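Listed after this line are the structures, all set down as structure tokens.
Okay, so chain A shows up in both of these, paired with chain B first and chain C after.
After this line comes the complex of A and B, so read on.
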């Protein structure tokens, strides 16, 4: 019962019970952000190292705030990508950090499996904050925490994920977790941004056109076009992408009347989503950010509250 | 069914009587405190606080706000706990600045829960005073903490287990004492 792992590396192998127990815990942490004194002593004396090999502002800040609100000592290490190009130097970096005896390491790296490799090498608990295009479990969990504020998270719910599915660890973590809970997931992307293996996942529907993906859905999840992750342009022009796949008010009208709009951020306004929709009443994008702190507090607490046996 | 293993100290009727007396004492002691609030410690402390709230509302015509406190994040044994403690929702929808807080729990034993609750309450504001109300004081304190309102004192040794059962969680009201190594019950 509950979440009893050493590390949180992805959502792919999480059971429905583990996901629900993480979300339930996170619910209890939301209230701390509204207190006059936003700090509890739960992780006093624990050290959390944020080890980011890729640039990140919001995820790193979110983990840092979460750790500090739990009274842990949060240390940020941003390692420039250029200095770490070989697996060997990554291991050296990790060995050095382990020698400083942290309790939890939060890691982001451009290589798929980086967090898994580190987790197997260190005694500290490891949280994957993004490994290449593979997984970003805390983002998917905070997305589900946000959905659960508006919808019943389970069979009967339909979520459309639209955008660069192939390059998106956010999409992958969400697809694994949502389908585990029995949610129907529709994905839609230009063919060049759609990995083929997706069709085999039960509960997943691949749509060619965004209109098809949006029809009657309860939740619309737009993905950021990650130009920095593309080796070459995968669509003719940004204008074409915005015209065919961007979420505007007319397209949003195809979704259920009470559908919510999500985006993991940062937003490319006017590309994947218009400002009108992003700032509209159905957008829960800033709720996602607030929930991110509560969710990460729950994860850090469940991992770091006691030594792993 | 449990009479052989468990020694029932108080029946449901007794519990109702104890709560009534505690409610009177709380009102009597706080006749001049205008800002009086109840805060129950999860889980059974909250059920008892609700009942005190009801009795005080009916008999003294005073409508006291009620808060819910989870002390998990303030526990002093988090590093050594063998299982993952479940964090539940704290709900204190009013300011604690300048108010008199009646902190309610079911059993006062080592005093560690109350210590955690006091630290937590003080993080929410600066109450005028905090008074402690417990249904059972079973002794064996490990910290210098005492209750202001006690339903019943049950002198028990560390080998004994004192259980308060309340209808809201357990389906019935009863206070029992049994040997800790007893295999009956939970």
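After this line comes the complex of A and C, so read on.
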């Protein structure tokens, strides 16, 4: 067993061995989705709480399906920001949940470090399902799983990540996982969405233009552009963004002939990616979604299969 | 603080006082009627009390021109009394408190209230009045009335006066009363929703960044106003290398600019946000999960890059930075025990600042004399306090006695402050204030 942590908070601190063992385990869970009875008793009697402080349909559903296929009791708890406004602190909320003795808590929160804070507070295992712009480790790991279905995941591979890098936890978790595995990562964003000093991160190549980032790459990851960011002076218009940074047929032709196209979803058709590319033969976007369930089963299994001392 | 009529003779001291440019061993100092009466090698005087200090250091009491005492309005965080107790426990004999109370100190009534509350406090409390009414940045406070009531300076602190015309008139009008403006320099639009220094750590961890530019651009504006108007200006808590350069070049051309730095900006950098220990060997009071994203590393301006810290230390040594001030900002534990981005800015500093100053001596950044200049002489000069800041004969008998060898560990649970939000918990220190004397009276005894 290569994964012996109490919690999965990010990919930043994971070793290559830990990542590989998570992926290996996920491989073995894939076939459960093919069965007529999609259930194994691995986590029978365990309780998984999906604690979501931020609205999310697909990530929450993916975790819920993963837990249920492992026979765990999955409970969804959406804490609207309004109850935060009413005055209950994060730690009070978490203490209440801990009092109900869950085995695993899956947390999504709009602020950086929330999952770390919870992990330090409770005995239950904690899975970070997204904390602010920091990390979204299961997304990156399911992306690794998807890449490994098509490419040799390791040195020699080049991945381009294009979009709002500054505000993206998906980008960060992918950057850590990929660079740890020795993959070359190119990032590309409008200068307003590129964190200062990003270029100091080892293994990262910062590209000014998407054409430069795409040239000959094996994997293209497009990031969702947050439409509301327009109000924050980060880019003049959706139209301008799509024209310069959107992935279309012509730009994709710059990548390697067998390059795959990924997107964490939900996609903005015609903004960061054209429908032609999103629905095209090189897109593996729905494979990512399927793999998400298997990967999350692996994570829940590895964390919840035995009690943590 | 009323003077008392007793006398106190401290024997066998090492006197360190920048005001007299003296660093001498084997002296005695006699305090009478709340003032320094005599300094000589062997004073024979039948004092009410005689203490042999066996070579301990005697330095002028530290003067902190930047603290938040939270009263009136936020007494659950700190009170004038608890803040003053923390001050004397840390060697501070005078503390100037910022105006961001509730109500804001923008009227003589509030200033008088603060002074009234301070009558029973062990340290001398000096109210700083707001620059604008309600710190709203729109209308000037009644500076004449406030000066008469006892305000020693004007500042909107965290709420930078964005309107340059208002700031100009504030500088002009305050000069009528010889009162300094203390400027927290910050461009609010560039600061935006930032919570830590914009740099490698913010890039890697997705925490919204505060660019050095947000500070520098406003330091430049403040200096330009002071230069144009030929009036003094004081820059609060410098944190950037560029800010240092701006202040240094302004001083070189004769602008009457002074500046302060806080101990946390002199000892910590952005890496503390993800590793509070940051190379320091701490005691085991902090659990491993408390080392990352700990909100005691959140303050404004933020902990900057290592290059900024070196620039600050160099500027402190060469006098570009005149003053060490704490920006003591108490918060209740539960207010800080929240998500990093939601936590209030600010850390406390009164009970650790002098000890960290002593560490600057050990690290060869400052000489003992320079330390007393930064902690006592310069702040007294900036605030126009001509009765303190030095221990020359005739000055107020406000002083601290330091055991430079005493080893101790910072334990927030033992603080006199109501608050515990220090980033220095668990630090092992060498050198400590063992007694503090205000107006000739021992107000703190370790």
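Following the convention adopted for this analysis, the second predicted complex is superposed on the first by the 299 of 309 C-alpha atoms of A that agree within 3 Å, B and C clash if a C-alpha of one lies under 4 Å from a C-alpha of the other, contacts with A are read in each partner's own complex, and residues count from 1 in each chain.
What we mean here is this: a contact is a pair of C-beta atoms (placed from the backbone, for glycine too) under 8 Å apart; a residue touches a chain by one contact, two chains touch by 3 or more.
As the structure is a prediction and not an experimental result, all values here were calculated from the model.
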(request) Kindly classify A:142 by the partners it touches after superposition: chain B alone (first), chain C alone (second), both, or neither? (result) neither
(request) Please indicate which partner A:117 is in contact with in the superposed arrangement: first for chain B, second for chain C, both, or neither. (result) second
(request) Tell me which partner A:39 touches in the superposition: chain B (first), chain C (second), both or neither. (result) first
(request) Using the touch definition from the top, say if A:22 reaches chain B (first), chain C (second), both or neither. (result) neither
(request) Considering only touches as defined above, state whether A:4 meets chain B (first), chain C (second), both or neither. (result) first
(request) Based on the superposed arrangement, let me know which partner A:197 touches: chain B (first), chain C (second), both, or neither? (result) second
(request) Touching chain B in one complex and chain C in the other: list those residues of chain A. (result) none
(message) List the residues on chain A that touch chain C in their complex, please.
(response) 12, 89-91, 109, 111-114, 116-117, 119-120, 132-135, 166-169, 172, 195-198, 200-201
(message) Under the definition above, what is the set of chain A residues touching chain B in their complex?
(response) 2-4, 25, 27-29, 31, 35-37, 39-42, 70, 298, 301-302, 305-307, 309
(message) Touching residues of chain B toward chain A in the complex: what are they?
(response) 70, 72-74, 78-82, 84-91, 119-120, 123-125
(message) Help me check something: in the complex, which residues belonging to chain C touch chain A?
(response) 198-200, 202-209, 211, 287, 289-290, 292-293, 334, 337-342
